[in-house]
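Two complexes are shown next, each including subunit A; its partner changes from subunit B in the first to subunit C in the second.
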Partner chain A sequence: MESFSPKLHLPILIFGVAAPFVIPGVTIQIAVLWVMVLFALTWDILGGQMGYNSLGNILFFGSGMYISAVVQVSMFADVAEYTASSGAVDFKYTDAQYFWGLGLGVIAAGIGSAVLAAAIGWTMFGLRGPYFAIGTLGIALTAGELMGTWSWVGAGGGLAMPVFPGSADGKSMMFYFLCFFAAIATYLFCSWLYSTRFGLAINAIRDDEQKAEAMGIHTLRYKTIAWSAAAFFLGISGALFGNITGFVEPLEVAFPVATFGIFMVAMSLLGGKGTLWGPILGAILFHFLKEFTWTYFLGWQWVALGVLIIVNVVFFQQGIMGWLMDKFPERFGIVVDKKEAAE
Partner chain B sequence: MWDNISILTAAPVFNIQLILDGLFIGATFALAAYGLALVWGVMNVKNLAQGDFVITGGYIAWWLGKQGIHPLWGMPISIVVMFGFGWLVYITIIRRVIDKDLFTSLLATFGLAIVMAQALNLMFGPEVQTAESDYAVRSYFNNSVTVADIKLIAFALCGVLAVVVVLFMKNSRMGQAIRATAQDPRAARVMGIDTDKVYAFTYALNAAICGAAGALISMIWVIQPFYGIGHAIRAFVIVTAAGFGNLPGVILAGLGLGVMEQYGGFVLGAEFQQATVVGLLVAVLIWRQIEMRRHRQVVQ
Partner chain C sequence: MTDTPVIELNGVSKSFGGVVANHSISLKVPGGGITGLIGPNGSGKTTLFNSIVGYHPIDEGSIRFKGQEISDYRVPQIARLGLLRTFQQTRIYSNMNCIDNMLISIPHRKLGFRDMFKNRGDKATMEEVDRLLDFVGLYEKRRLISGDLSFGQQKLLEFAMALMNRPEVLLLDEPTAGINPTLINGLIDRLRRANEELGITLFVIEHNMRVIMNMAQSIYCLAHGELLAHGTPDEIQNDQRVIDAYLGAH
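Moving on to the complex of A and B:
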C-alpha cells in the first residue's frame, strides 16, 4: 500500500485542481465525481472494513440535504411560508446571509446526519448480514416516502434552495472545490482511521464479531461511531449536492435509493471493498463508465448498470484492488514466501 | 387522518370493503412470499429479484391478454415461461453465487432486478397496466361494498396453487429431494441426489410461482415495470415476519399484510400505502431483534 498510494496522490491532486480551469464545460460532472468518491469511501467504512453491507446509506445523503436546506432557509425566512409560496414570493438573500447560511447548513447537515446514524444504529446494528442490508434499504425507502408527505418541507413538490448570489460559473467553481475538499477530507479521515486501533477494531468486527466481542471490543459502540463518521461526510455531501442542484425533492434528488444508493455499493465493489484505494478507483472508473453509457446508450444505461453489478459480483468479486493484490502482492507490502507459494 | 378513522367507525361497511380487498391482494402476496421462503430456506439465496419475477409474470399475462388470450388462460403460459426463465437465471447467475457469502446473492439478484425492471420498461413502457378480464363486478350492502368476480376467482386460484405446491413438495420425488437438500445438502448428495438440479428446479419453481402470482395481480390490481421492488419488499416482510418453513405463518402474514396495507392507504392517505409496506418491514425487523435480545443471556 505504502509504495502505491503516494504515486497516485499527486496526479489526482493536480487533476482535481486543474480540471475546472482546463475543461470548464464539465465542472459539475467532475464535482459529482468527487461526490461519488466520497460515497464509495464512506460506504466502504461499513461495507468493506466492518463487514456491514448497507443498502441504505443514501439516507444520510438525503437527511444532510434536507437539514442544510431547512437551516439555510430558516435563518432568514419562515420555512412553512417559504415552502408554501414555492418560489412565488421572492426571498432575497444578501451575500452575507447566503454564505453564513451555507456554512452553517453544511456543518449542521454533517452533525445532524451523524446523530441520526447513531440513533438508527442503535436499533439496526442488532441485524446481521443480509438482514442489515434489507433493513437499511427499508429505512432509506421509508425516509423518501415520508419526506414526500411532509408539507412543512414541501412534501413531494420539493424545496428550492436559496439562490447563489453570483454568476453560474462562480457557483459551479465554488461548489466544485467544496466537493473536492470534502472528498479529500474523507480520504484523509479514512486513511487515518484505518491506521488506528479503531480501524483494527472494525476489521475485527468484520472478521468475526463474536470473537471481537469476546476479546473485549465494545462492538455496538464501534459500529455506531463508524456509521456516524460515514454519515457525517455523507451529510456534508448531501448539503453540497442539494446546493448544486438548487432544488431538493424527496424521491429523485434527496433519497435516490435506486441510483446513488446503489452506485455507492457498485463503486466500492468494482474497486475492491475493504481497501482504501479500491473505492476511489472504483468511483472514478464507474463515473466515467456511467457518463459514457448515459450519453451514448440512453435508455439502456440501467441494463448496463445491472449487468455491471451482476458481472462484478459473480465473476470479479475481489474488485480491481483485490485483483492487483493477487497479481502483485509484493507491491502492497505482502511478503510471499516463494517456497510455500510453490508448493 | 382522524376524518378517515371516523369514516370507518361511522360506516362499518367500509371496513368490509378494505378487509376484502386486503385479503384478495394479500393472497397473491402470500403466494410470492412462499416462493421466496422456498428459495431462501432451500438454497439460502435472498432473491431481491422476486418482485420483478412477479411483475414479469404479470406482463406476460397482460401481453397475452392484448393478443386476445384471456388472462386467466395467460396464467398457465406465464407459469411455464417463468419456470424456464427461472431455470435460465439459475444456470447463468445463481449457480455461481450460491456458495458465496450472503450479501453476494443479495446484490447479484438486485442487479438482476434492475435489468429486468428496465427491460420491461423498454419493452412495454412505463404506464400502469391492468389485464382486462371482463368479469362482472357485484355490489353488496347498498352498493357500498363492491367485489369483482375476478378477485374471487383469483383468490380461489391462489388457494388451489398453494395446495398444489404443498402436495407437490410432500409427495413427489422432486419435492422430497428438495426437502432433503434443504435439510442437509451434503447428505443429500451422498444419497445420490443431484443437488445442482434440485437447486435449479427450486429456483425455477419459485419463478413459476411468482409468474402465477404476477398474472393474478395483473388481473386484480395494477402492474408497472418499477413496481417490482415493492413486491420484493412485501415478500421479505412476510417471510421475515413468519419465518421460512412456516407455511401457515406465511399465509397469515401475507393476508395480514394485504389488509394492513389497505388500511394504511385508507387511513393515512394513498401516498402512504408504499410507506406502510416499508415501514412494516422496518418494524418487523426491529421487533424480531427485540425478541432475539430477550433470548440473549448475559454470561455471569
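Moving on to the complex of A and C:
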C-alpha cells in the first residue's frame, strides 16, 4: 500500500550497516534507535492496527530481559547463588557458555514473553478503550514492583548479566547488529502480517469490534495472537537490551513504564498510528530529537518531549503518515471519490 | 419453504432493571421464507434480535436454531452457525475500503489457525466480492473508503457483507430505514432475490409497512414487550389490536 516503502528500504539498510563503522562513537545510541523502531512497530500492532491502546507493553520488554537473564545465568550456575553473591563471586563463563546462553536466552525471552502475553490477554481483552489502557498500565507497574521483591532474581538490587568475553567495541558491534536485525525482522513480520487476512481482521476489530463479532470473526483469537506476536519481538529486544546495559534492575531498566513504556506510544502517534511506516518514522524522529535535547538542552529535555507530545496529540493527531495520506491519498493507493464527497 | 422452523423461540423474557423489554415471547421463523417483525418504537424488537444473536443473556426461555439450543452461545459462535444480523445503525468497517470490508466478511465457521495468515482473498473470493458488490450496485465504488459512502450505500454494503458470509438466516434490523425512497424498491428486490436465489431465510424488523406487507409471508407484531399478534400480512393489516398499538390506543 505505502508506495514509497521500497524507496526507503535501501537508504535505511545502507545507513544501518554503515553507521557503526562510519560513526563508531554513537554505535550504542543507534542500536537503541533500532530498539525504538521495534518498540513503535510492536506497539502499533495493537494500538494502531487493532485499536487497543496498551500502556503496558513495556511489560514484555522486562519479562524478556528477566527470562534471558535467568536462562543465561542458570545454564552454567545456580541462579540463587549467583544473585545472592551480587557479583562478589566471580562466575566465569567460557566463550561457548556465554554465546550459547545468549542465544538460548534471547529465544526463550521471545517465546516466554509471547506466552505471557497470551495468558494476560485472555483476561485483559475483556477490557475496552481506556479501561484496557489503564489495565495494561497497572499490570506493567505491578510487574516492576513484584520483581523488586523477588530475591531469587536479585529483587530491587538487580542482577548483573554474564560479562561479554571480548572487547567493549566488539560487544557494541555485536549487539548493534543484533538490535538492527531484530528491528528488520519486526518490520518484515509486520509488513507480511498486514498483507494477510490477519491484517484485515485486526483492522476490522479496530473499526468496529461488535460488528466483527457479529460477523463471526474469532476476535479473541486474533487479539491474543496479535499481542503475543508483539510480545515476542519485545521480549527479544528486552533480552538484547539487558545484555547491552549488563545489569538488570526492575524499575529503571526492565520495566521503565514512564520512559520507554510511554515512548512507544508517543513514537507511534508522532509517525502516524495504524500505518506500517508511521511508527518507524516516528521512532527515528523521536529518537533524534530525544538525543538532541539530552545533549544540548539537558535539564529541559523532559519539557521538550512533553511539548512535542502535547503538540502531536492536540494539533497533529494523524501523525506524519496520516498527514501524508490525507494530502496525497493517490500515492498510497487510496481512492477518493470527489464527486461523492460533494454529494 | 419448509415447515420446520429454523428459529424457534419459547417464552423468551428479557428485562433491563425494572424495564421488561421482552415478556415471554414465543415465535417460529420457518426456513426459506421471509418473516416480519413489527411494532411501535420501544416495543422490544431490537432487544429480541439482540437476544437471538447472543448479544446479551436472556432471563428466561429457550432459543433454538435448527433445533439446537443457542441461548447460552455468544455472538461470534452464533454468527458462525450461520445466523447473522445487520444493525439498525449501519455498521461497517469505516476505515477500510469496500473490497476489504467484503474480504473479511467471508464465512469464518471453518477457518482454522493457518487460514488466518492466508492471502486476503484468492481468485474465487475476489470474484465473489465483485459479483456481490455488483449485485448491490456498489461495484463502481469498490475501492472507496467505506466510511465515505452515503448512508444508503453503507447500508447496501452491509447487506453485501452479510451475503458474503453465506448465512442461512439473516436478521435484518430496519433494512430500509434512512434509505432514499427510490432506492428502497431496488433494495426490496435484492432482499427478495437473496431469499429466492440464495435460499437465505430472512427475519426482518421493519417500520415501513408497505415494504414488510409486500415482502413477508408471515408477520409478528410486538407491543410493550409482548407478542400482540401473528398472521399473514392481510390478517395483521386488519387486526384491530395492531392498529390500536400503532395509533397509541394500546
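Criterion: the second predicted complex is superposed on the first by the 333 of 343 C-alpha atoms of A that agree within 3 Å, B and C clash if a C-alpha of one lies under 4 Å from a C-alpha of the other, contacts with A are read in each partner's own complex, and residues count from 1 in each chain.
The rule we apply is simple: contacts are C-beta pairs under 8 Å (C-beta built on N, C-alpha and C of every residue); 3 or more make two chains touch, one makes a residue touch a chain.
The shown structure was predicted, so the numbers you read here are calculated from the model rather than taken from an experiment.
In the superposition on chain A, A:Leu146 makes contact with subunit B only, not with subunit C. Of the two partner chains, subunit C is the only one touched by A:Ala204; subunit B is not. Of the two partner chains placed by the overlay, neither subunit B nor subunit C lies in contact with A:Met75. With both structures placed on the common chain, the touch criterion links A:Pro130 to subunit B but leaves subunit C unconnected. In the superposed pair of complexes, A:Ile262 makes contact with subunit B only, with no contact to subunit C.
Legend: residue contacts after superposition of the two complexes on their common chain; A:Gly216 is shown touching subunit C, with no touch to subunit B. Legend: residue contacts after superposition of the two complexes on their common chain; A:Leu285 is shown touching neither subunit B nor subunit C.
Those residues of subunit A that touch subunit C in the complex are listed here as 193, 195-201, 203-204, 206-208, 210-219, 221-222, 225, 274, 334-337, 340-341, 343.
Every residue of subunit B that touches subunit A in the complex is listed here, in rising order: 46, 93, 96-97, 100, 102-104, 106-108, 110-119, 121-122, 229, 233, 236, 240, 269, 271-272, 274-275, 278-279, 281-282, 285-286, 289, 292-293.
Those residues of subunit C that touch subunit A in the complex are listed here as 53, 74-76, 79-80, 84-85, 87, 91-97, 100, 103-105, 107-109, 111, 115-120, 141, 143-145, 148-150, 161, 165. The touching residues of subunit A, counted against subunit B in their complex, run 53, 55, 123, 126-127, 129-131, 133-135, 137-139, 141-142, 145-146, 148-149, 156, 258, 262, 265, 269, 299-300, 302-303, 305-310, 313-315, 317.
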